[in-house]
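What follows is a set of structures to go through.
The same subunit A turns up in both complexes below, where it pairs with subunit B and then with subunit C.
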Partner chain A sequence: MSFLLKNIVNLPRSGSINQLTSSFRCLSLTSQLSTRHNLNYKPPKIIAKPITPIIPQRSPSEDLKACDNIISKVNNVISEKEEGRLFAVIHLCGKQFKVTSGDIILVEGYWPPTIGDEVRLEKVLLVGGNDFTLIGRPIVDKNLVNVQATIIEKTLTHTKTHFKKKRRKQYMRINFQRSPNTMIRINSIDISGQIQANSLEKDDSTKIY
Partner chain B sequence: MVFTSAALFVRARGPDEFWRKRRVFKLAAHFHGRPRNVYTFAVRAVHRALVYATKGRKLKKLDMAELWKTRVSASAEQYGVSFDAFKNSLLKSNILLNKKMLADLAIWEPRSFEALAQLSRERAVVEGMPGIQERSVMNQVYGLKNLLKK
Partner chain C sequence: MSNSHLFLKSGFPRAPLQNGVGRYICQLQRITLKFCKNNGSSRGMREFIEKQLIDFAKENPGTVVYVKPRRHRTPVIVAEYLNGDREWHNCRNLSKEEITQWITLMKTQNGSSSSLRLRKMWHTDMPSIQGPWTPFTLKNPASNLVIFPNEELSKPLDVEKSATEKLIELFREQRLSEGKLEENRGN
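Up next is the complex of A and B:
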């Protein structure tokens, strides 16, 4: 997870939350009920105020420690196989799909694989379990996540009528079109191996996203 | 031509008129009133309907994009981040989820979305992007922090 937090300076959250809880207390029902007899009572405004950006000085070692803590927790969950049913966001043929195992997704347009082919979907943008989410920048490490799918059907769409007409101009065109559709079933989504603290891959110029 | 009955076979001998009209009436079968029964009205209505259907295929995509944008901006503002700041800061962090996915995550995976919102918020503050607000009080009351406490 450190690759997520890298380059990002964390803000202290406690300060603002305490302020908010105190403002919430002001908003609570009891205070409103006690002031209801007062006709001039105006409820406190809940308008969000713009904040001034303050970059806190936090040592990088503190951040690293927090990262390591989170990563070891996630690794624990994975090694004990308590991650639950995983979902993944995959990028396929120019579209993104949120899938889980057993799903069927429809790929529109021409796509070469044929029925029965088993493919591995490598562009995984995000994987999530019960208690954690791995966010790829832009994709999750290929060795970490394995999304397997089978092509189950190749068909054509229903006939779409493409009809153009201009009024009073004697212009009318009609065309019919059917485009190929492919159905694929997601067989499994697995996380294999452990998350590395520094899993940033080297830039590979041959990779096509 | 397929002759399903003797009546249609009789009709088939004449000029093309019957079949030409029948094609239009088939498309007008679900219309109401005269556009359903009178050819001159039916043909106008069918043409208009086909033009709408052709244009509608494109409009549907635009409408969905608008809907996703509304959903994502609403759920980002829950965390005090404007839509533009949210999307830009995710882009700066090299997270390339599209609007459809973000809307989906906001609805079905609120905890993942919260993580994305926090991430983008911190990024946006560091980059000094406009459109960052205090976290909404409503979110503190009804938000995930209170709902998902174990």
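Up next is the complex of A and C:
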């Protein structure tokens, strides 16, 4: 404040209004105040803990090595036929089923294959054994996995009743409907051939799924 | 939609006698066509018998076909299955095509299906191959040695940054950028 008073005292000598305004401006400008008056001011020390990375950083070459290692292990298991019972997630008629050999699945609605037909289910989204899982992007390579199935029944569902009624409007409708159902037996799931790291990077843009 | 089907017998998908595991066997054993020789309601049935029945019998050597004429009665199809089921269907005034459809349905099903509400669309004997999931699967084994109560683990996982922390971050960024500017000037 002494600084302000000094300026005001000096005012009649200089005789200009500008000086007055600038001296009052000092009141509002806190930063100027702090710089001029509290020269010894220091901001409080901020103690920030060092952020330790949780995930160990690996170089891309190390990553590739680890990847190759895993793939060779899986290939070993497959070549020695130690994969055990396999399971697969298949995409069939708009639905996904987790199946293993011997399973029964049902397809709802019209589907052309008839009884006794043996079909190969090609849209395999995932295959897994006891110790490994192959995940497709979006499907596993067609030549790698072979899922065979037999159609064992084509039938109709029980009668479903569609009953509509509007109160106080003399409106009632009743409809009965039965939709077709197809029962499928999964016969076998096999992995044929070896998994290759390069096969994952093939250009699939022209494929129709 | 009414809920009357809730009182229907319900079940899960099953195939009789492991059908389809080794080979597929048609479950229809006997089919009986009953009709009248001169009544109009059996016209479609008579046409079917004249034109398609021989082919049907040839195509399905595993099925016995009986034809039973009876006077002034409605035409009927009776199918008998390997599991002992018997399905009866009235064919009064049905055309030849409609009768063909019903007979194919009887041929392709495993038993009478009309009285069973399915609860699942999937059946398996092996529900899990890699073992069912538990909260401890794929966890770091180091967590076995943790002594509770643990301050680090009792924190919520999704703590938002406080305003102070955000400010500190901003301040640091500013400092860094200032440092860079000064360096550039120095150069």
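One rule holds in what follows: the second predicted complex is superposed on the first by the 143 of 209 C-alpha atoms of A that agree within 3 Å, B and C clash if a C-alpha of one lies under 4 Å from a C-alpha of the other, contacts with A are read in each partner's own complex, and residues count from 1 in each chain.
By definition in this document, a contact is a pair of C-beta atoms (placed from the backbone, for glycine too) under 8 Å apart; a residue touches a chain by one contact, two chains touch by 3 or more.
Computed from a predicted model, the values in this text were never measured in an experiment.
Q: On the A-aligned overlay, A:71 touches which partner chain: subunit B = first, subunit C = second, or both, or neither?
A: Neither partner.
Q: With both complexes superposed on chain A, which partner does A:160 reach: first (subunit B), second (subunit C), both or neither?
A: both
Q: Output check: A:195 vs subunit B and subunit C. Expected answer is one of first, second, both, neither. What do you get?
A: A:195 contacts neither subunit B nor subunit C.
Q: Touching A:138 in the superposition: subunit B (first), subunit C (second), both, neither?
A: A:138 contacts subunit B only, not subunit C.
Q: Taking the superposition as given, does A:185 touch the first partner, subunit B, the second, subunit C, both, or neither?
A: The answer is second: A:185 touches subunit C but not subunit B.
Q: When the two structures are overlaid on chain A, which partner does A:147 contact: first (subunit B), second (subunit C), both, or neither?
A: Once the two structures are laid over each other on A, A:147 reaches no partner at all.
Q: State whether A:102 touches subunit B only (first), subunit C only (second), both chains, or neither.
A: A:102 sits against subunit C, while subunit B stays out of touch.
Q: Have a look at where A:125 lands relative to subunit B and subunit C in the superposition and call it first, second, both or neither.
A: In the superposed model, A:125 contacts subunit B only, not subunit C.
Q: Which partner does A:89 contact after superposing on A: first (subunit B), second (subunit C), both, neither?
A: A:89: touches subunit B, not subunit C.
Q: Mind sorting out which residues of subunit A both subunit B and subunit C touch, each in its own complex?
A: Common to the two interfaces on subunit A: residues 46, 48, 87, 98, 128, 133, 160-163.
Q: For subunit A, which residues are in contact with subunit B within the complex?
A: Touching subunit B from subunit A are residues 4, 7-11, 16-17, 20-21, 23-24, 27, 46, 48-51, 53, 55, 87, 89, 96, 98, 125-126, 128, 133, 135-138, 160-165, 172, 174, 209.
Q: Note which residues of subunit C are touching subunit A in the complex, please.
A: 1-2, 4-5, 8, 13-15, 19-21, 24, 26-27, 105, 107-110, 113-118, 121-126, 129-130, 168, 171-172
Q: Which bits of subunit B are touching subunit A when the two form their complex?
A: Per the touch definition, subunit B meets subunit A at residues 47, 50-51, 53-54, 57, 80, 93-98, 100-101, 104-105, 108-109, 111-112, 115-116, 119, 121-123, 125-126, 128, 132-138, 140-141.
Q: Would you tell me which residues of subunit A are touching subunit C in their complex?
A: 46, 48, 84-87, 95, 97-100, 102-106, 108, 114-116, 128-130, 133, 150-163, 178, 181, 183, 185, 187
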